[in-house]
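Okay, got some structures for you below.
First chain A sits with chain B, and in the next complex the same chain sits with chain C.
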Partner chain A sequence: MILPISYNLRNLAVRRTTTLMTALGIGLTVAVLAASFALVDGLRLALEASGHPLNVLVTRKGAESELASNFERRVFDDLKFKAGIARNAAGEPLASLEVVTVINLVSVEYPEGANVSVRGVTPIGLEIRDDARLTEGRWFTPGRREATVGSSIAKRYPEARPGEKIRFGRGEWEVVGIFHSGQMARNSEILVDLNQVAADFGRESVLSSALLRATDEVAHQALINDLQADTRLNVQARSEKAYYAQQTSSGDLIRYLGTIVAVIMAVGSCFGAMNTMYAAVARRSKEIGTLRVLGFSRAAILVSFLIESLMLAALGGALGILLVLPVQGLSTGIGSMVTFSEIAFQLRITPQTMASAFLFALAMGAAGGLLPAFQASRKEILTALREG
Partner chain B sequence: MSQDVVIRARGLTKEFLRDSFHIVALKDVDLEIRRGEYLALMGPSGSGKSTLLHLIAAMDRPTAGEIEVLGSNVASMADSEMAKWRNRHIGFVFQSFNLIPVLTALENVELPLKLTHLKRGERVQHAATALKLVGLGDRMDHYPRQLSGGQEQRVAIARAIVTDPDIILCDEPTGNLDARSANEVLELLRRLNQEFGKTIVMVTHDPHAAHFATHIRFIDKGELLPEGKKPEDWS
Partner chain C sequence: MKYLPLIVKNALRNRRRTLLTTSSLAISLCLLGVMMALYYALFIGGQPAKAQARRVVVRHKVSIVFPLPLYFREKIAQVPGVEEVMLWSWFGGVYKDARDQRNFFARMAADADRLFRVYQDYVIPEEQKEAFIRDPAGCVVNKALAERHGFKVGDRILIRGDIYPFDLDLTVRGIYTSTDFDDDTLWFNWKYMENMLRNSPRLMAGGFTLLARSEQDVAAISRTIDEMFANSEAPTKTESEYTFGLSFLSFLGNIKVILMSICFAVTFTVLLITANTMAMSVRERVREVGVLRTLGFGKPAIVGLIVGESALISLLGGLLGVLVAEGLCWVVRQGPAIVQQAKTLTIEGPVFAALMGVSLAVGIFSSIVPAVSAARTSIIDALRFTD
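Then we have the complex of A and B:
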C-alpha cells in the first residue's frame, strides 16, 4: 500500500522555493529539448506540405538536388511529350524547364547575408504552381529583369520587397510582387524569367531540372518509371513531394545538437532533483522512521519518495512546456543541406513534442529521485527516528 | 505461552558498537507481561528501558535471547512481515508525538488504516471515532502546528489505537508536556487500559506518571530489577 499522494503534494508545497527552483532547472532543460524539436518539426511539416502529389521532378541522373543538376535543354525537348503529362487549356504539355541558382541576400537575422534560391521558370512553370497566389504586386514579365518573391523571402529579406532592386547575374532585378503558396518551401524562393536568368548566368543550354504535371496518380508513377527506365535521357525522376521530404535531413543536425545539449543539461537537472530529494529524505528522517513504525514497508517508502520526485519533475516538465510555448509559430530559416539555400518555416510544437518533453522530464525525476528514495527505504527504524 | 501472557522475554540481550565502544544495552532480561497489564518501565537515562520497548515493538532485533509477543517470535520475522505485524498488533506513542506535519489530525490518525483493507469511508469513520475518544472530535481538520503539545499527543494516541491493537507501547509519552497536559494523557492511557482492556507498556522517568500504571519495574544498567526493587541511587 502506498502513502497518500496528498502527503507528497503537501511536502512539495511546504518547501515551495526549493521545489520551484528544482522544477525550473528541469523546465529549462525540457524547454531546450522542446525548442529543438519544434525547429525540426516546423521544418519537417513545411517540407512535407511542399510538392504537388501529381508533380514529377526530373534532374540529371545522380544529382541529389536541382542545384547540383546539369539538365540539358535538348533532354527537356525529348521528354516533354512523354505520355502521362497533363496539358493546359491551350493543349501545351504542363512541363516546365527550370534553372535554380543561389544568391546572397542580407536578412533580418543575418546582416552578413544568407543564401536564397532563385528559380527561373516559364509561364508554364507558373501554371504548374497553381497553388501560388499573388498577395502583392504582379508576376514578373518574361524577358525582363523582374522578380516575384515568396512571402517568406519578403518577410525576412528587406531588400527583396516590392519596389526594391536585387543585384545578381548581370544586373539589377526589380522586385515587382509577392506570392504565397500553401506549399511552404516554395515561399522561400525568388521566381524570375527562365531565359533572362539563364542568359545572365550563361546557362542557356544547361539548366537545372524539369517539373512535370502528371494527368493522374497512376500516370504519375508510370511517368516516373518511364523516365527512370529511359537510358537515352539519363535522368532521375522522382515525385516532387519525395524530393522535399528528403530535405528534412537538414534538420537532423539540429535534432542531434538539441538532444545532446538537453542531455548534458539533464545531467545537471538530475543532480538538482537528487540534491532536493536527498535534502527531503534527511529533513524527514523522523517521519520515515515513524511511518515504518506504523507499518509501512521499505517498498512503500521507496515508492513514496520516487513519486514525489516524479511530481517535482512533472511540475518541471509542465513549466518547460509553458516556457517553450511562445515560440510556437515563430518564423525562422535554416540552410538546407540539399539546396544550399535557406528554407523559411515556422516553429511547431506538436503534441508529440510536448509528450516527449514531458516524458524526458519524468525520466529526469526518476533518475534523480531513485537513489534518495532508495536511501530513505534502507534507513533502519531507530536510526531514522534518532536522525530526525 | 499461557493465554494470559502477551509478552515474554527470555535471556533478552542487546549489544551494539558505538564509536568502537562495545555497549551492553540490555543484559539477560526475563520478563512476562499479562493481557490487560499496564506496566511502567522506569530507570535512569541509558538504562535500557527504551531498548526493551523497541524490541517488544519489533523495531529492532536482539543480539541474544528470545522475545515472544502475542505468540509470535518477532525477532525471527522478515522486515516486511515485521512491518505488517506492527501495524496489526502494536500501537506506539512517541515522546515527541511524531505526527506528520503536512497531514491533518484526521489524516494522521487514518494513516495506519491505509495498510488495512478498509475502504476510505470506513477509514475516515474509524479515525474520527478514535479522535472523538481522545476528546479531539472538534480538531479533526487541524494540522499538528495548530494544536497544543497535549493535543498533539492525544492525536498520537488516537493514531496508536485506531487499528485496535492488542498492545500500546509508550516511550516517555509525557516527557514533552506540561503537568496539566501530561495528566490528561495519563488519564487517557489509564482509561484505555481499564475500559478497553489494552495492555500498555510505558517507559517513563516520571514517578507521577508511573503511578498511573498497575505495575512498575525498574531497569538499571541493562538489567531488569526484580519487582519492587529500585536502583540503589534512585531517589
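Then we have the complex of A and C:
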C-alpha cells in the first residue's frame, strides 16, 4: 500500500515558507548550472551554425588558425584552378584569397578594448559569402578605404557603426554598411578590401588563407584530399565547418568553472534540503506512528518521504529554470584562442540544459531526502506515537 | 555576554541540524571565498611581485599580434630610467600534438644575454646560464614545466612552426626557478630567429620587456616611450608587466560579471538556507520563549539569544569555509598559469574580513525576523503554542 501523492502535496503546502525557501536554495544552484550551460551552448550553436558545408578553408601547413597562417599569393594562384572548385556566372573559380588580422576596438562591455577580426576579401570572397545580407548601408567599394561590419560588431562596438570611422593599419576606414549572416561567427568580423588592408599591413604577397567553394559534396572531400596530399603547395585544407567547430573549446573554462561551482553549491543546498526533511520527519512523528498502525509498511513511509523530498526539489528545479530564463538571448562575447579575437554570441537555454538542470535538482532532492526518509521508516510505532 | 553559555547550549540542542547548517554554510562560503579571492587578486588588491614591479612591457598599440621593429630596442634603452631592455617574440608552434592541452606552454624567443638581467627573479646555476647564452639553438625552461614534460639539461625539444615557416630544434641548456612564481615558459635564443629569418621582413620583435631602475619610474617611462613612438610606423602601448598580464583576461569572457553573479547567487543561497534553519528552530521553541518571558527575560534578551545563536553558527561555518577556501586556493595554485594571479592565490586580509562580515550578516539577517516575531508573541499565546 502506497501513500497518496496528495498527502505529500498537502504537507508541502502547509509549511509553505520553509518549502519555498528550500526550493529557492535548490533553484539558485540549478540556475548557476543552467546559466553556465547556456553560455557554452550559445557559443557552440553560434559556431556550429557557421561555415558553409561546401566550403574549404586552406591555410599554411601546421597553422591551427588563419591568424597564425602565412599563405603566399603564388600558392593561391596555383591552387585556384584545381578540379572541383565551383565557378560563378562569369566562369571565374569561386576561390577567395583572404587576409585576416586583428584590431582593438572599445566596446560597451570592455572599455579597455577587445580584439576584433578584420578580414580583407575580394568581390569573389563576398560572392562565396552568399549567406550574408546587408541590413544597412552597402558593401565596401574595392580599392577604397571602406568597411562593412558584421551585425554583432555593430551592436557591440559603438565605434563601428555606419557613418563612423575606425582607425587601424595606416589610417582611417569609413564604415559604410552592416551585414548579417545566419552563420553566426561571420557576424563578428569586419570586412574590407583585400588589397587595401594587405598593403596597410605589408602583406601584399604573404596573406592568411583561401576560401574555396566546392561544386558538390563529393568534390568537397576530394578537393580537401587533393590539397592535403599536394606536397608542392604545402597547405592544410579542411572543411570550413570543422574549422569553426574546433573553436568551441574556448568555452571549456566557463563550463568547468560553472560545473564546479554548481556542484559545490549543490552540496550546500543538499544539506539545506536535508535539514528541512529532518524537521518534517521530527514534526510528523506521531503521524508516522499512526500511519504504521493503520497498516502502511516501513517501505511505504520511506517512499513517501523520498517522494516529498523529490517534489520539493522538482519545485526548486522549476524555480531555477524560471530564474535563468531571462538570460536567454542575452548577447555576450568570448575571446577565441584560435582567432585571437572576440566571437559574439547569444546565451541559449536548450531543452537539454533544462532537462539536465531539472535532473540535477532531483538528484539534490534524492540525496537530501534519503537519510531523513530512512530515519522516518525506522521509527518504532510506540516511540513514534509518544514523541512530539 | 553572560548569555553565551545559554546560546552555546541552544546551538548544541539539535546537533544534527547545527552540523548540517554549519557544513552547508562552510561549503557555500568556501566557494564564495575562492571567488572573492580571485576577484580581489584580479581587480582590486593584486600586487605585482617584488622583482616584477619594475618590469614594463612595450607592445603594438593595436594588438599584441602585430610585431615591432627591432631598432625600437636601442631607442627604448636610451629612455631615462631604463636599466635594461630585451626583445621577445612569441613563437607559438606545436609541441608533439596541439590537441592535448597539456602540450601548450609559452615558447618565446628572447635576447639570451639580457633575459636574466631583466628577469631578476629567475634563479639558474651560473654555468647553465652561460651555456644558454653561448648556444644559438639553446633554450631554458621553467622547472615546473620541465618536471611536467620530463625535460632535462641536454635534452632536445622539437617545436613545429605554425606562425613562422620553420621548425625549432632546441637543446635544453638550463632549468630555472623563480622566486616569484612559476611561469611555464620556454625561452630560446633570439639568435635562432636571426639565423632562420636572415634578410626576411618577418624578423621583427613581438615586443620588449624592460627593467626600470625603480618602481617609481614605471609610469614616466611608459609615457615617454608611447609618446616617442606615437607617430612612428608602429605606435606602442607600454604598461607594467602586471597590467599587461591582466589584459589577457578579457579572453576568458566577461570574468567580472561572471564572478559577481556567482558570488551573488552563493550569498543568497546561504541566506536562504540559514534563514530556513533558524525559522525552524525558533518555531520549535516558541513555548520555551514563553517560559523565558515568564521568568523575566525581556524582549531584547530573547532577540539577542536567538540572533546570537544564529550568528554563532554562521561565524563557525564561515571560519570553516575560509579554511576550506584556503585549501582550494592551494589547488588553484597548482593548476596551469592562465593568469599569474592564479599562481599566488590566497585569502588576503580584506577578503577574510569580507567573508566574516558576510557570515555575520547572514547570521543576523536570517534570524532577525523569527527572533522578533517570537519575542513579540504574548506570553499566553506562546505558552499555548503547539507546533
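Details
Heads up, the rule we're going with is that the second predicted complex is superposed on the first by the 388 of 388 C-alpha atoms of A that agree within 3 Å, B and C clash if a C-alpha of one lies under 4 Å from a C-alpha of the other, contacts with A are read in each partner's own complex, and residues count from 1 in each chain.
In this text, contacts are C-beta pairs under 8 Å (C-beta built on N, C-alpha and C of every residue); 3 or more make two chains touch, one makes a residue touch a chain.
Bear in mind that the values here come from a model prediction, so they are computed numbers and not experimental data.
Judged by the touch definition given at the top, the superposed model places A:R292 against chain B, while chain C stays out of reach. By the touch criterion stated above, A:A199 is placed in contact with neither chain B nor chain C. Look at A:L382: by the touch rule set out above, it reaches chain B but stays clear of chain C. Between chain B and chain C, C contacts the larger number of chain A residues. Contacts of A:L3 after superposition on the shared chain: chain B is touched, whereas chain C is not. In the superposed pair of complexes, A:V106 makes contact with neither chain B nor chain C. Once chain A of one complex is fitted onto chain A of the other, the partner contacts of A:N11 are limited to chain B, with no touch recorded for chain C.
Interface residues of chain A, counted against chain B in their complex, comprise 1, 3-4, 6-7, 10-11, 13-14, 286-287, 289-299, 381-382, 385. Residue ranges of chain C in contact with chain A, taken from their complex: 16-17, 20-21, 23-25, 27-28, 30-31, 35, 61-63, 65-66, 92, 94, 98, 160-163, 165, 201, 247, 250-254, 258, 261-262, 265-266, 268-270, 272-273, 275-277, 279-280, 338, 387.
Of all the residues in chain A, the ones that touch chain C in their complex are 17-18, 21-22, 24-25, 28-29, 31-32, 35, 39, 60, 62-64, 67-70, 101-104, 109-110, 112, 114-115, 168, 201-202, 253-254, 257, 261, 264-265, 267-272, 274-276, 278-279, 283, 332-335, 337, 340, 342. Note for the complex: chain B touches chain A at residues 54, 57, 59-60, 79-80, 83-84, 86-88, 92, 94, 96, 98, 100-103, 107, 111-112, 114-115, 159.
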